[in-house]
Amino acid sequence: MDKETGRIEAFSDGVFAVAITLLALDLHVPRLNELAPGVRLGGALLGEWPAFLAYVTSFLTILVMWVNHHRLFELIRRSDHWFLIVNGLLLMGVTVIPFSTSLLAEYIGHRDASVAAAVFSGGYLLIALGYNLLWRYALRVGLLKPDAPPRAVETITGQYRFGPLYYLTAFILAFISVPASVGLALGLAVFFALPSVPGKK
Amino acid sequence: MDKETGRIEAFSDGVFAVAITLLALDLHVPRLNELAPGVRLGGALLGEWPAFLAYVTSFLTILVMWVNHHRLFELIRRSDHWFLIVNGLLLMGVTVIPFSTSLLAEYIGHRDASVAAAVFSGGYLLIALGYNLLWRYALRVGLLKPDAPPRAVETITGQYRFGPLYYLTAFILAFISVPASVGLALGLAVFFALPSVPGKK
Amino acid sequence: MDKETGRIEAFSDGVFAVAITLLALDLHVPRLNELAPGVRLGGALLGEWPAFLAYVTSFLTILVMWVNHHRLFELIRRSDHWFLIVNGLLLMGVTVIPFSTSLLAEYIGHRDASVAAAVFSGGYLLIALGYNLLWRYALRVGLLKPDAPPRAVETITGQYRFGPLYYLTAFILAFISVPASVGLALGLAVFFALPSVPGKK
Amino acid sequence: MDKETGRIEAFSDGVFAVAITLLALDLHVPRLNELAPGVRLGGALLGEWPAFLAYVTSFLTILVMWVNHHRLFELIRRSDHWFLIVNGLLLMGVTVIPFSTSLLAEYIGHRDASVAAAVFSGGYLLIALGYNLLWRYALRVGLLKPDAPPRAVETITGQYRFGPLYYLTAFILAFISVPASVGLALGLAVFFALPSVPGKK
């Protein structure tokens, strides 16, 4: 029964695991011969704070997405061709997160920060659309386990419903207020990090 | 029963997952100090369009290959020594796709575009040969599940039969018309992305 | 039964496997045109000894952590939302090891070695806290297998109890004596590499 | 039953898959602005032949090692602490292959080729020792399946017995004749690529 979706989960886990681990490649060891005269290691590391913040943010975001992917697939019994394809598109969105986060870290506080924030929240928007598409397709074609608890199904449906709308708001906000846009996007990540049914897995 | 091929699938999934995720390493964040004077971030990102297009194309292509690999292995019951080796050669072809796509993205529109298009379609040709070899070997040595639906077997046989011939055409076309060669190669990827038996998994 | 934790283990294995394999990217082939005049390959390779030592140390450390992760999960029957999150935070610590080890290799013997040693032992401290948090949470919420051997449970509890305290000592020692700090951190890694119950798995 | 070794195999498969896929990162797309005047793409690619040869050689070697790992673990029923550690040391050897192969590709034909060939064959020597250690440990502690076919066990014992001796010969030969050393190392890889029991899996 679980066999049917075993390989999609294995492939997806692989993509999540590689994407989340590759993030650490962006942590840069300041080389001895790169240090400006008078600069000590402590200062050089502190000066890299946007890279560290981008690392932690990207890691947590991909972790939350993996948890949601896991939660969704617990309710899925079988897959079909287009389900594989849509799941793949979703993974494409996930693998772009390191790029969009790194872009935001580079341009935050710069006059082009709004473009970077638009790419950042736009990436999340695509992923939210991907989760919705995957879930709605599974519901419509009937890929769920017959014994999937109705409350868990409703919770996911409810949690996903307004995701794209909120991320669209963050995307539009990018051109008005960068802090508001980034804050909304990160707040939504926290929202999706919460257990879907409080007190229950 | 499934156990027999479990580890080949796990290893193959790993290779597919790593290859598809490594693609994102080619997405380059324009550094602030690299921007030419007067160039804004939006323009810099737009100027990287060949890298983004190569990313999307490579991702979708590897995704389609994974789906086909998945579909093929659903019919396989057991493996033997040479099956492992041939599957490995096929994976070697898959891991080269990021290189050949990146080469095409760099040289498209350049006087050496035909060489790049030949490498690009030549890579697909080798992979098509690999899938054919793997499938024919499995059929001949009897590695299929006894209950593999005959129609699914025939569909794969039919779909694979002319693959190498078509990719050989794309390879030869590279020296005559680059757009025709690339168009044929991408069109074939779309063809292989379609479900093998319409209306059925 | 095992199914419940199957996907966390798969995802964690993926992260461990990618992190441990990426280490090899830091092994640098001295290019022919980089060799200073009169320097032979043998000498160039010997001159890279900190990179090789960092490689071996990081590899063994991540391997030991994977073994401990494996040992802990053998006693776990099911997971819940926060267990997934805490496990993810633990993995974040693991993926930072290549960075902190490389930092130490670059600055050992340099006047800023104490900062590097503090980052190095601080990373281990966070991981030790992560293992403790994961284990205590599992005990409290009741995620263990009903038939988990009490002696194995006690051994892990005992082995973990003082881990954070010891690593905190290594962290503080970094500002007093770098060799003592690094020696303690590596000695603790050897301690955790020993089988939890001698003579038994 | 299989469960017991499931996670070691998953972790090992991950390491093999990442190592074999990372090889492709060494395939370098000649950038348009790097081409020397008058040099065409075809010539630039042909000039990279050592990188391509190193890629194919490393890929096939790691593939053969994975096949042997797979074959060995088919006979293993359970694991213990030191089995995990020895398996990890073996994997360390595998992840170093890209480095040693790349080193050989850079220095072949150069006056320091013997050092590179010694590193190359020395890496194989360590891996051969690792496989022997793993296998002998499994035999001695009794980790094999009770129903492991005696002939398959004997074949592996026989095939492994002289591996280290042959690779030691290749290592010593490196200082006498580079072609003989490299030829022997590659010949041994072909030998280990053959099915252990001809006509049987």
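Per-chain numbering from 1; labels A, B, C and D assigned in written order.
The rule is short, and it goes like this: a residue touches a chain if its C-beta (ideal position, glycine included) is under 8 Å from a C-beta of that chain, and two chains touch if they have at least 3 such contacts.
Small disclaimer: the values here were computed from a predicted structure and weren't measured.
Colleague: Could you tell me which chain lies farthest from subunit D when each chain's centre is the average position of its Cα atoms?
Modeller: So the chain farthest away from subunit D turns out to be A.
Colleague: Look at both sides of the subunit C and subunit D contact and report whether the same residue positions are involved, with over half shared, or different ones.
Modeller: Answer different: the two copies use largely distinct residue numbers here.
Colleague: State the superposition rotation angle between the two copies subunit B and subunit D, fitting on C-alpha atoms only and giving a multiple of 5 degrees from 0 to 180.
Modeller: 90
Colleague: For subunit A and subunit C, let me know how many angstrom lie between their CA-based centres, rounded off.
Modeller: Taking the mean C-alpha position of each chain, the two centres sit 26 Å apart.
Colleague: What is the distance, in whole Å, between the centres of subunit B and subunit C, each centre taken as the mean of its C-alpha atoms?
Modeller: Centres of subunit B and subunit C (C-alpha means) sit 36 Å apart.
Colleague: Which residue numbers or ranges of subunit D touch two or more of the other chains?
Modeller: 10, 13-14, 17-18, 22, 25
Colleague: Under the touch definition given earlier, write down the residues of subunit B that touch subunit D in their complex.
Modeller: 3, 7-8, 10-11, 13-15, 17-19, 22, 25, 79-82, 84-85, 88, 91-92, 95-96, 98-99, 102-103, 106-107, 110, 112, 115-116, 119
Colleague: Considering the complex alone, what residue numbers of subunit C touch subunit D?
Modeller: Against subunit D, subunit C makes touches at 2, 9-10, 13-14, 16-18, 20-25, 27, 29-32, 40-42, 45, 56, 59-60, 63, 66-67, 70, 73, 193, 195, 201.
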